[in-house]
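In what follows, subunit A forms one complex with subunit B and a second complex with subunit C.
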Partner chain A sequence: MRIEFQGVHRRSLRRLSLALAASLFALPALAGDITVLLPGDGYAPDVLQAFEKDTGIHVDQQTLAWDQLHTRIITALVAGTAPADVIELDWSWVGQFGAAGWLEPLDGKVEQSALDEISVLPIFKYDGKIVGAPYNNDFKMMVVNTDHLKKAGIDKVPRTMDELLAAGKAIKEKGITKYPFGLPLSVGEATSTAWYLITMMYGGTLFDANGEPAFTDPSSGGYKALQFIKQAIDDGLIDPASTAYGNPEVREAFKAGDISFILSDGPGPLATYNDKEKSRVAGNSAGAVVPNVTGKTETYGLPEALAIPAASTNKEDALKFINYVMGKDAQVQSYLEHGTLPTRKDALMDLNGKGKLESGDAIVEQVSSVNPLFAEGTPPWYPPFSNAAASAVNAVATGQMTVPDAIASIAKAAKSAMNGN
Partner chain B sequence: MVSFLLRGLGQRLAAIVLLIWSLGPIYWALATSLMKPRDIATSPINLVPPTITFEHYRKLVGGLIGLPDETGIWHDFLRALVNSLVLAGGATILTTAIAALAAYAAVRMRFPGRDLVFYMIVATLAVPGYTVLIPLYRMMVSLHLVDTYTGIILIYISAYLPLAMWLMRSVYESLPLSIEEAAYLDGAGRIYTMVRIVMPLAAPGLIAAAILTFLGAWGQFSVPLVFAPTAATKPLTVLIPEFATKNYVDYGLINAAGILAMIPPALVVMFLNRFLLNGLMAGAGK
Partner chain C sequence: MSKSEVAMTAPSFQEGEKRTWRQLVASDASLGIALATPVILLMAAFVFMPVLLTAWDSFHRVTPMLPGQPFVGLQNYTRMFADPDVRNAWWNTWFYVVMAVVMELILGLLSALLLNGMKSGRRWLLAAVILPWALPPVVNAMVWSWIYNPHYGLLNGLLLRFGLIDQPHVWMNDQATALLLVTLVHVWRMMPLNAVILLAALQTIPRELYEAAEVDGAGKIRRLTMITLPLIAGALGIALTQSTITAFNIFDEAWILAKASAITRPIQGQIYMTAFQDLKFSYGMAMSITVMLVSILVSAVYVRRIYRETRFD
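Presenting the complex of A and B:
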């Protein structure tokens, strides 16, 4: 037995040694002229090939899962190196990256004709300078199951909070679905951003002109938003299980036909909702403008941008790439091939005019009401504030905290985060 | 008699609960991997696929057997599988080899600071990986070792060597010194004795160290996330989460990839499990 084992061991050892030797001498991947680090699928091969043909610059595109990008980028930037020549810049990272001086200012470098078409540009300004070129549009909007509305005898999508509540109650009372409203309420970014949106639905803002929390007064939008969430759970309009839900779980529930409204969603997943292969509500899903107490919609943007790390060694070619993909044709092509929603208004209008934009009319209407969540750009203290808000909303939803206590805890966390504690 | 029957029933029930607890998630992953995306989005959830589909597996490995696939996922998946095998395999061989020699030196050779050096190496087990990530990254950049097999394998070795050395030291300590002394009396040198006499006896320990290193390296996520940015070195653990995009989570594809990714470590454990137990128990009865 031992002899047999030794024979196998020796042969295996020899083979593995050869493999190891080969691996140790393996060369790193051939470096391209520029490296681009993006989430998901990145840019479609056609877009990259067109750029390469146009400029002769080779693009080495690297992709990572959305949730892992921040870790990868931060590690490299903190170490004083560039993770790639062009990197993803999420709206929520602007303050953190800007304050650290990690990004190359793009003022006067990205073509003005492109920037003039982009309403979400202020979101990517830090200290008055543009640090990112928005390439992937995202903003909060509502998604509805039109079939549920029809069955409930509702002939138009709610535009006010009263209409929304009435529609939700009508759907529940008629037994069309048990929980008509879908809302992520776990401790995560999706929950805090949902609370910000409902704050806007009640006509409120997060911070006043002096940077003070504007949600502590019971008559404020933020306070009413938290009361709305609590009441909707108590009334059975939101599934109590939502306290464990992030965006993916809410979207799955919508695709299964379990909910009638996703109160806080974006335009990105619309194509999936109407894909018969992936959704049970295909053909009955539509994007809708965010309701408001006044009936005049208001929302905020969560777009993504392309940025150049200050440590990049090939900023010139990186800039050429950014200018190319910010062009109208490239944005239209990226939407048609990968569903990347354009940030340029002319690209959106073009797609909608040709009938190729999913829920196009609602998107075009909503785009004109997109504001930055923070007028001066996302501050460096945003991440701890967002965490505190998500925890407090979750605590209210699970009944562990009252609304006044939760509001007080968010305000305290905001102050603490602003002071760098 | 009644208590005997009750005890038997209790044992069976406990075994069933344990089986469901252990195999339930694997069954669910398998069932999900065989469901159409539309059947995954249902309420209540389908525990059994209403219609079995192999479309997710076709995306992952179909290209290998000539099936047309416009997504090109199979190419990335197979590349990542090879990367995982090379990284985990390379780290396993080197870690085991170094541990075999270093632990032997720590047990049988006399030199100043022998115990101090050994315990300092083992003490690095207590250092959380995240605390050294940034300095390590700087070092790897300056050595041009980011995105290379060499760089990542070196990091894995530094991570798993202390445990392997600790294990091997117990194994060597459990071996009677008289066997080696007899070999020396017969004229054998230290290297010959170590390779021809000690190593075969320590084989269960070496295999246990190899299994632990392989399983650890196979499941590594944070190191390759930072040090393996491109398809050239990216392993399965980093690739599979990419099937969840910002707007759509492809549960079928993720589960199918997970099922395939389970196969190599499962084979390793199934075929070498008996050595793992012997190796880990070495020295226990000393």
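Presenting the complex of A and C:
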């Protein structure tokens, strides 16, 4: 029995060693594999399978929550390794990653026919070179609960700041919901970007033509935006607990029917809000253009792109993947399956023409007013500036700072960040 | 143990002196060195070298967005004094350290004394006490974030039911309560470790000592201060040190309960934001080195003090 048992062991060990040897020899065959690192759900399995069938390249897709993605990518890149062959590149990272020389330039590599269809492409240029292929056409827009508006006797979605405030107050007074406005106010990118959007709602900009902070004057849009946030909290239009909210928490509150407006959202989650399995307000939510004091909507883009790390060892196949998913059909399919709004104009028009674009008319109207936040591309000093802005907005919301002090601290942080301190 | 007993059991020093180096290597010493070498190498590679490299880099400007890594001397260290975010984070951290160490030590000692005095069911109660420590810090903080939730949290629910507040309170918007509540979550997680350390020490104290003291008329407090505390001084030192170091490293609890809010942001949160969001690595490294030095210094001061005050000799 013992001998037989040992024999089994020997046979197993021999098989195991042969299998290991075979796997070592098989490694070159795996060279056609690429890794892709994206936030949220990443690409739908159908899109990946179609690419694999088309090219014979296997895709190992890894996904991470948005909050963890930047750290994961940074730690790998700073160590001189590639976190994946294709990585997420947010609009806000372009300056940092570009200045660090971490990304492979894509000029002349991504198909020109695709690039010609993408208006947000300049956002992903650093030093005149394309460092990312935009795949998710995210921009700021408002989301409303149409049922709340109806119950409050409001027959059209607010388009001016006065109308927005009046609608919020009417909803609150009628007891339809306790806090009509949803706004992230924790220390994070969602909060700083919300402040930028409200700055635009008041007709302001962040920096003037000379690159100086344009939000320090009490009559400026940025100043008024912070006053608006403070006043809305004091008036009970924004939940004071929002100081711990990022975008996910605000969206959950909207889906639960607890808020009537998400002031600073994007077109991506619209399909989720109208999904009966995921939302209590399904059928009553709609995207709406961003209100403005002038009545003429204005917003900015926060698109996301695909990039290839300079340290990637499989750039050729990574490029094939990028070219595939930048195709019109793949973009349409990604929207239908995961709500990733196409960056290609032809894909957008195609979806809207077929009536498959959620709140299509509002999206198409808003798209025409999308501008980059930084005309010259996102600067390397953007992240510390954004952190300082979010901290100041949060401090105002928690009552730790007054509006003038907060504005002064953001301006000081902007100067310091610009000087590289 | 008397001197004569020591002489009988331990090898004499003179005998060791006569040994040649070759004999020493061939003896038990070589075995000891062989056994210790892997640990020394691992510690050198994964602890000492990274610390030295971090300290070296903290005297340079290391940020991937700027070319080169020029020597900047103490600039990263002096800059901390003028940085209001760092000052605020240090203030929060000192609050956490003082409150957490005091609470963990008192509650840990009380729990250990209670457990030590139990005749039956000790192991079940010990298992219950240890549970928060066994949970991952993130899970622990998530549970407490639900308890503190302003809309559906247990804390507001109980206070409303007993009429102590008239409307739900957003706990994390007020600095005093927010710091205290974050500290409580940390204490909840780390106090059991102190209880276990101190319980182990309590169980080594001979019962005869208490009986003799009782015969001499010593009360409970006197027995605690004259017998228990001096005899568990070593364990108290370990408990204090671990409490101090873990309190200086608070991150998960503050981050999950209030995200990066300046109200509760500890120095570790500030380091994370500086190094991994703003990509100012050397500035973050300088902060890390400072935290390490301060926590070691603080631990050393009161560990020395507690030994001095509680030693019999």
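Keep this in mind: the second predicted complex is superposed on the first by the 389 of 421 C-alpha atoms of A that agree within 3 Å, B and C clash if a C-alpha of one lies under 4 Å from a C-alpha of the other, contacts with A are read in each partner's own complex, and residues count from 1 in each chain.
Keep in mind that, in the parts below, a contact is a pair of C-beta atoms (placed from the backbone, for glycine too) under 8 Å apart; a residue touches a chain by one contact, two chains touch by 3 or more.
Source: prediction; values computed, not measured.
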What is the contact status of A:240 with respect to subunit B (first) and subunit C (second): first, second, both, or neither? second
Look at A:187 in the shared chain and tell me whether it touches subunit B only, subunit C only, both, or neither; answer first, second, both or neither. second
Contacts for A:418 in the overlay, against subunit B (first) and subunit C (second): which applies, first, second, both or neither? neither
Which holds for A:395: it touches subunit B only (first), subunit C only (second), both, or neither? second
State whether A:71 touches subunit B only (first), subunit C only (second), both chains, or neither. both
Just checking: does A:380 make contact with subunit B only, subunit C only, both, or neither of them? Give me first, second, both or neither. second
Which superposed partner A:336 touches (first subunit B, second subunit C, both, neither): neither
On the superposed three-chain arrangement, identify whether subunit B or subunit C touches more subunit A residues. B
Touch test for A:99: subunit B only (first), subunit C only (second), both, or neither? second
Subunit A positions within both the subunit B interface and the subunit C interface are 71, 75, 78
Using the touch rule from the top, collect the residues of subunit A that touch subunit C in their complex. 70-71, 74-75, 77-78, 95-96, 99-100, 102, 186-188, 240-241, 243-244, 246, 380, 383-384, 387, 390-391, 394-395, 397-400, 420-421
So, in the complex, the side of subunit A touching subunit B is made of residues 2, 5-6, 9, 13, 16-17, 19-20, 23-24, 26-29, 37, 39-41, 60, 62-68, 71-72, 75-76, 78-81, 83-84, 138, 248, 252-253, 255-258, 266, 268-269, 272, 276-280, 339
Subunit A touches which residues of subunit C in the complex? 64-66, 79, 85, 149-151, 170, 172-175, 257-263, 265, 273, 276-281
Within the complex, subunit A is touched by subunit B residues 36-38, 40-43, 86, 89-90, 93-94, 133-135, 137-138, 141, 144, 146-150, 153, 200, 203, 222, 225-226, 229-233, 238, 241-242, 244-249
